[in-house]
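Please go over the structures that come below.
Same chain, two partners: chain A is paired with chain B first, then with chain C.
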Partner chain A sequence: MKICCLVKEVPDAAVQKRIDPETKRLDRSGENTLNQFDTHGIEAAMQIREGGVVDVEEIVAVTMGPGSAQRALHKAVALGADRSVHLSDDVLAGSDVCATGYALAKVLEGESPDLVLLGQQSDDGECYTIGAVVADHLRMPSLTQVIKMDVADGKLTCERQAEYGYDTVEVRLPAVISVGDAINEPRYPSLKAIMGAKKKPLDTKAAGEVGIESGKVGEAGSRTQVLAINPPPEKEPGEIIEDEDTNETVEKIVAWLEERKLI
Partner chain B sequence: MSVISDSGVRAPSPPFTDEHEDLRATVRRWVESEIVPEQDTWERRREFPRELFDRAAELGFLGLKYPERLGGQGGDAVHDAVWAEELAAAGACGGVGAGLGAHTGIATPPIFSFGTAEQHERFLRPAIAGERIAALGITEPGAGSDVASIRTTAKRVDGGWLVNGSKTFITNGVRADFLVCAVRTRPEGGHAGISFLILERGMEGYEVSRKLEKLGWHSSDTGELAFTDVHVPEENLLGAENEGFKLIMANFQWERLLMALGAVGAMDWCLRRSVAYALERRAFGRAIGSFQAIRHKIAEMATKLEAGRAMSYAALRLLDSGQDALREVTAAKLFTQRAAVETADEAVQIHGGYGYMREYEVERVLRDARLGPIGGGTDEVMKEILGRGFGL
Partner chain C sequence: MAGILVYALHSDENEFNANSLGAISEAAKLAGEIGGEAAAIVVGDVDDATCASLGGYGASKVYRAKSVPEGLAQPIVDAMAKVIADNDISYALFGGGLLGFEIGAGLTARLGAGVTMEVTAVRADGGKLVAERPVLQDSAIVDVGYVSEPAVIIGRLNAFDAVEGEGSDAEVVDVEVELSDFSSGATMVKRGESGEGGGVDITDADILVGSGRGFGGEENLAIARELAESLGGEVAATRAIVDAGWIPYATQIGQTGKTVAPKLYLAAGVSGAIQHKVGMQNSENIVAINKDSNAPIFEYCDLGIVGDLHKILPKLTEAIKAKKGQ
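== the complex of A and B ==
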């Protein structure tokens, strides 16, 4: 079995996120790191390998991004991936979710994985959709927000987080699964693994090398267009009820709740 | 990692690389998820669990700088420096830092540097694996900073030595499986007659006489040990006979630098905690951080932190490149230990009444920090080393 894990380089959680008003894209200067949600995808792959039910020959981390995205791949390898593939090309800049999904699918076509795993969302864009787009291009079944996964006989039995409770779904392989952070606790990368990560094979690919049509990626190839960016409306200040006389305070709170038909 | 920053996290600066920052993130995650939630219980019990050594070993922390052939991670001193700083910065209490740090930072390095291949197998490998806990025994009831005056004696007998005497303030002393112990092997006194023997728990006459109560570092075990005619075999001599003082001196620089880095980590924690509190706590209708009195306290804390960090990193760069760093390490140790006490005290002050309460943790950091200007050579000894270095 071969598992590909999609990973993404995102701004570090400590960095104040900012949108560049000119390009209308996220300002990615400053320190970046591996998307936390994707670490759960790698851990899920490692647990399948260590579970021993199926023989996992290879775990490959795949990313699309600028040169700096290699750091995210090193981290993915430190967490257990055997090698990594970095899709990097200027024509890809400005790709929206659809174009990014198409581009990643082209890389995955060349890898022919039995299973594609990824985090259910990225820390920056938070679209939750890349897995489904990739699956559509690969003509594979897809599940999102998976929080439990058992593999056997060429199929997966997954629990998917639903609004009220869980759906249990069986999926035939190959498939694209995006996982929620409740699925596992990613391991701690050891120093040995951190230092060894740079020695593992890292294959950098340009768009043309994996058969990406340049008209389908980048800003021009994206089907969505950001027209304007506005900050969310400011929250109205809440009403503070000072507790001077507790009976009065309770009356005020009850009146407030009744007015809104909450009780 | 710098806390005063207008753009979040900064790129690593030498001698640290991305790899070191990844290790830092691993240590931080471990401390925040497995130590911080438990440590108040450990402090009350006056001991962190033995299993913490097992867990630290499992994650590779006990062998960061030791070679893979001995079960280590194959890193170097800078990796160990990251470990020392980040334990404190991520909020591990001083007791945990002391117990784990005594094992990785002061008790096992002499075995690696001065031990034979056979001693590496017997002591270092199981210490890296967390199977045997190590302690360093130098201080005695009558000899602290004045190392040359130790009185524990080792008399030559058939097949080894007979050790008599006592040691005190020994971190991990109560549960240590072996003790890297300074003994006098020549009656003349002074520096020349000191040797190191590895004493093992279970040797006849080796006794833990007392577990000591302390101002801080509550979760670390600090012991007083007594030796009565302990027979130590020949093969437990560490380094050359009568050349133990060299071992002590070699160890001291590293120990002091680790202490400096630990203090930098603690100051970083105090500053972050105080800033968060100053933004959240309101008095007279506004956040207390908006009062100049508090804002200036924060500014002073940040300045001490950055000065201490700069001194410690500079000393680390020198040591890491194999240069002599006696003056730099000594100055960094002297400055940071006092600065950490002052910074923790300011953190308590900013927290007001809550700062005096256990649940806000800053009072513990203040108590823990107070050992700094005493342990590993007092402030006064640091000043003597620095002053005499100018030929005075």
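== the complex of A and C ==
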């Protein structure tokens, strides 16, 4: 079995994220890192490999992004992927969900995986949609937000929460699955794995090499257009207390609640 | 024709999801403004009268795909793609919910359509729809337009209010859908049911103690229960701790849980992610206790305490008990 894990480079959680008013795109200057949610996808792949029920020949990390996105791939490899593929091309810049999903599907087509794993969301885009877009292009069954996954006999038995509670769903392979962050506790990479990550094979692909039609990606291929960026409605900021002396803090909370007749 | 098609999600008891009904009302309003009709799509074996009742929320037509199962996205993508193509529909609209995300995403790929998710408002502008979407932890709102039709709009939970009007019954039109080969590759073994929360309905409580991963373990939830008891309230939860199996699903607030608006929502060890916020932001008073001063919940609480819940909660419970003379 071959597993492809989609991973994304996102601004570090500590970085104040903002949209560039000129380009109307996310300002990607500053520290970037591997999307935390994607580490659960890699861990899920590793657990399938180590589970021994099926033979996992290869775990491939795949990303689409600018040159710096290589670092996210190095991290993915340090966490267990065997090699990685970097789709990088100027024509891809400014791709919306529709275009990104199409482009990623094209790279994956070339890999013919038995299972594609994604994170539940990208920390910057927060679209929750790429998995289902990719699946439709690949014509594979799919499920998102999966928190339990057992593999056997060419199919997965998955659990995930939807509007009415936990569904149990059987998914035939090949399939595209996005995993929720409760599915596992990702391991820390060993120092040796971190050091070795840069030596593992990394393929950089241009759009044309994977058969991407340039009219379907980037700004030209995007079907949405950001018309304006506005600040959210003003809201009175809440009162913030730093807990230094807990007895005092508690007194303040109680007084606050009493004032509002909540006790 | 500029029609708008809404997916009306229903439970196994054929009860429509409140957010779907809200989306139908919203579609009816918008369709009037762009000169079209609002229609709904229902899958599964739902009787005529139940389908027709969607007219009350503003749907003029209800497309029913009887052979398509409810609950999994891909067969519904097949059904919606067909209805959209056959009826010259311009927009697919979804109320808040996980299935809406999956179906909307599938349609995006199938139709080469633009998609906007977590939409909090939609407006008509020159015969087209513009969606408003908060981004980056709600720190900015982008107006998104579409360069082509059909287009997909996925609402945020509770973004659209259901308005039950005088509307007459909707016309029910049966559609035959041929499923794609891969659409039946996922099959429902057991569909979720809300289950019991130990007899507690958190939507009825005046006071809720919201608990999250910050408690560190199931055993520590006792201090949340004691606090809730002292306040005369109930314990509610984030998805993180429901997924972890610490507490039943029936106590979950948020996107795929319940929507609450108590007099007091006191959250401890809850980061305040958007999917949680959408289920509790209408609480009258929000108090947050979190050790991370950067936690998103501090952006929208009324009183925030930066500190360790393990230190604060037991003392708070004691103090409240003392006040109440318990």
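Following the convention adopted for this analysis, the second predicted complex is superposed on the first by the 233 of 263 C-alpha atoms of A that agree within 3 Å, B and C clash if a C-alpha of one lies under 4 Å from a C-alpha of the other, contacts with A are read in each partner's own complex, and residues count from 1 in each chain.
Heads up, the rule we're going with is that contacts are C-beta pairs under 8 Å (C-beta built on N, C-alpha and C of every residue); 3 or more make two chains touch, one makes a residue touch a chain.
A quick note: this is a predicted structure, and the numbers were derived from the prediction, not measured.
With both structures placed on the common chain, the touch criterion links A:Gly30 to chain B but leaves chain C unconnected.
Residue contacts after overlaying the shared chain place A:Ala78 against chain B, while chain C stays out of touching range.
Applying the stated contact rule after C-alpha superposition, one finds that A:Tyr164 touches chain C and leaves chain B untouched. Touch criterion met: A:Met195 reaches chain B, while chain C stays clear of it. After superposition on the shared chain, chain A has more residues touched by C, the comparison being chain B against chain C. In the superposed model, A:Asp245 lies in contact with neither chain B nor chain C. Legend: residue contacts after superposition of the two complexes on their common chain; A:Asp150 is shown touching neither chain B nor chain C. Interface residues of chain B, counted against chain A in their complex, comprise 7-11, 18-19, 22-23, 26, 29-30, 59-60, 64, 68, 73-75, 79.
Per the touch definition, chain C reaches chain A in the complex via residues 9, 11-12, 17, 71-74, 77, 97-99, 101-106, 108-110, 112-118, 130, 134-148, 151, 180-195, 207, 231, 239-240, 242-244, 249, 256, 263-264, 274, 285-287, 293, 298, 300-308, 311-312, 315-316, 319-320, 323-324. The touching residues of chain A, counted against chain B in their complex, run 11-12, 14-16, 29-31, 71, 74-75, 78, 188-192, 194-195. Interface residues of chain A, counted against chain C in their complex, comprise 17-19, 24, 26, 96-98, 101-102, 105, 124, 126-137, 139-145, 147, 157, 161-172, 175, 180-182, 216, 222-232, 235, 238-243, 246-247, 249-251, 253-254, 256-258, 260, 262-263.
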